[in-house]
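Once you scroll down, you'll see the structures, which are given as structure tokens.
Both complexes below contain subunit A, partnered by subunit B and then by subunit C.
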Partner chain A sequence: MAGSSLQQQIASMRQSLFDEGLLNEQFIELEKLEDASDPNFVKNVINVFLTDSLKNVTGIEESLLHLKADEPLDITELGKFLHRLKSGCLGIGAKKVPIEVEKMLQCYEAGDMEGMKTILPTMKQEYNILENKLEAYFELLPHIEPGQSSDPPSKGSTSSGE
Partner chain B sequence: MATVGEVFRRSLPETIDQVRDDSSSSSELHVLAVDDSLVDRKVIERLLKISSCKVTAVESGTRALQYLGLDGERASVGFNGLKVNLIMTDYSMPGMTGYELLKKIKESSVFREIPVVVMSSENILTRIDRCLEEGAEDFLLKPVKLDDVKRLKDFIMKGDGKDGGETRIHKRKRQDDYASLSSPSPFPACDPSSPLMPSSSPSARSSKRAKLRNKD
Partner chain C sequence: MFGKGASSSKSMEIIGSEKKFSVLIVDDDPIIRKIHSALLSKFTKEIQEVKNGKEAVDLCRSGASFDIIFMDKEMPIMNGLEATKELRAMGVNSTIVGVTSCDLSSERNDFIAAGQNQCYEKPLTIEKIKSLLSELNKNN
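Entry: the complex of A and B
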């Protein structure tokens, strides 16, 4: 039946987010905050995360690429982008991206621009992977009208082997 | 959507609405949340709304002070009349840190009695102690959970932070969750106390808090 195979697809995609080490239990905590009064909460937070993170990743990249070798790091902007990206990641339960961001923050604290540039491609790659998977997952989720009594797949997928 | 919950400077009527009594409207707590992360603001708003609290979320310490009317301008310009029962602020923010915001609030004769809770994604003992010493009610590790908010709310509702300290909120033990976050090798610049297990410190901190309480 079409309905249940979509459900299965959703459940399986959701599970893979965990199995592939992209998300941790913080994401489940977000899912718990969803109910009839705010049935699209997780989707909304992820949208905010993706929009905000894109700005931060772009900001980090541009800051690093435009800095000359002996130019001091732009304390205000670069650090702000790094920190906000890390906060956002932790907030939604992302696992791999904040590890790379943390490495970059360590370099930032030490004034090590070259170190940050070395880590940047990995960080971007991890972010792109996360971004693509999250977008694909949320694309499948139906938009639920507030007040509708529904069982969002993310909460009902007890068969996903969690 | 991006500005949900964000409160910028409001244009207020000339008259000051000085609603100072506790029954600011159906005994709902009004929480001022301060965090520069948009994601975190959205999440904390949701946590607070689920806990039946009114939320005003702002993006910086400066905005928070403006909201409270503590930004150096006359109180009649900034104060919006709705009493704030609790302030939850992120520690690491650009410009004014949560710690600096905490200090400013505690220095204010008008607002020093509002409980302030500091949130941070980093479990750094010196940071925690610094905040507690400055008068923070508690220190929460991010990501903040519903249980944290519920505990906080219960605590505030019990005595507005004025009780003897027996029902002190315990800092949530999340050390193990952050083990996966830290790099395999210790951070060179990191605070040496970071490997501390929180379970060994709450009692030390509670007694410190009790001592600090006696300062009032």
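Entry: the complex of A and C
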């Protein structure tokens, strides 16, 4: 019964990722790519995302807020961080974070540094929420015992959330 | 849709119902490389990945050839448009498919002008790849 309860908890956590508008159908496309030859595909992709996106978020913040005072602002580097973050978010199906990154990119293209600084706190907040939720979800997944299905009962159902 | 360079230098072999073709994934984003590699592995086992346009150019210059090159646009060192122009200037006539995280409607002309055959918004999906392969098979 404990296994069933854990499965339900995982299913509920997964559904909340869609219901709260954090992820879109692209995440389901990733799940479809997982098979016997690569059973940890989604977890591996998310791990790469969390590592890479943290670097990009940090890079954006350090560039914008000029935290490395002894180094001049590298506008090209800032653009690279923004594009990489957006790309990674699109890859895993993140919904809210790329919206904020796109707003920052539009300011970036317009040379509007102050605009980017205004959006930065919201982007970071959305990223932190996504990061925490994904970490909590994938922390639970390995605890499914052999023989138990890792497929939540409502796998494939999403909130339209659009 | 398919402009110059539409025919691949390597014909796609069809053995029974299995089509064999080679692809090169060019993207600085390790997440996208991983996802696109997994996607494309459903269609072919001949997949290589590089991290930017210069690596793609260097690889082709060394003699490697590919049926399809999936080319990201925004990359350090050499971006996708520059790499595409370089590859076409070298005589590479692989099908080059642009992949972008930007709005496609504003990017399409740049892609085609650079010499790409087709372009998609990131990320690729099974349906986009099936559609692309269907077009390529029709043209071949």
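Assume the second predicted complex is superposed on the first by the 134 of 162 C-alpha atoms of A that agree within 3 Å, B and C clash if a C-alpha of one lies under 4 Å from a C-alpha of the other, contacts with A are read in each partner's own complex, and residues count from 1 in each chain.
As a working rule, contacts are C-beta pairs under 8 Å (C-beta built on N, C-alpha and C of every residue); 3 or more make two chains touch, one makes a residue touch a chain.
This is a predicted model, so every value here is computed, not measured.
Bringing the complexes onto one copy of subunit A puts subunit B in a clash with subunit C.
Between subunit B and subunit C, B contacts the larger number of subunit A residues. Of the two partner chains placed by superposition, only subunit B is touched by A:K103; subunit C is not. When the shared chain is aligned, no partner comes close enough to touch A:D112: not subunit B, not subunit C.
Looking at the shared chain after the overlay, A:G91 reaches both subunit B and subunit C.
Judged by the touch definition given at the top, the superposed model places A:E61 against neither subunit B nor subunit C. By the touch criterion defined above, A:D38 lies against subunit B and subunit C together after alignment on the C-alpha atoms of chain A.
On subunit A, the surface touched by subunit B in one complex and the surface touched by subunit C in the other have residues 26, 29-30, 32-33, 38, 41, 44-45, 48-49, 52, 80, 83-84, 86-88, 90-92 in common. If you check the complex, the residues on subunit B that touch subunit A are 1-2, 35-40, 42-43, 46-47, 49-50, 90, 92, 94, 121, 142-143, 145-146, 177, 180-183, 187-189.
On the side of subunit C, the complex with subunit A involves touching residues 27-32, 34-35, 38-39, 42, 72, 74, 76, 101, 122-123, 125-126. Those residues of subunit A that touch subunit B in the complex are listed here as 24-26, 29-30, 32-33, 35, 38, 41, 44-45, 47-49, 51-52, 76, 79-80, 83-84, 86-88, 90-93, 95, 98-99, 102-103, 106, 109-110.
By the touch criterion stated above, subunit A contacts subunit C in their complex at residues 26, 29-30, 32-33, 38, 41, 44-45, 48-49, 52, 80, 83-84, 86-88, 90-92.
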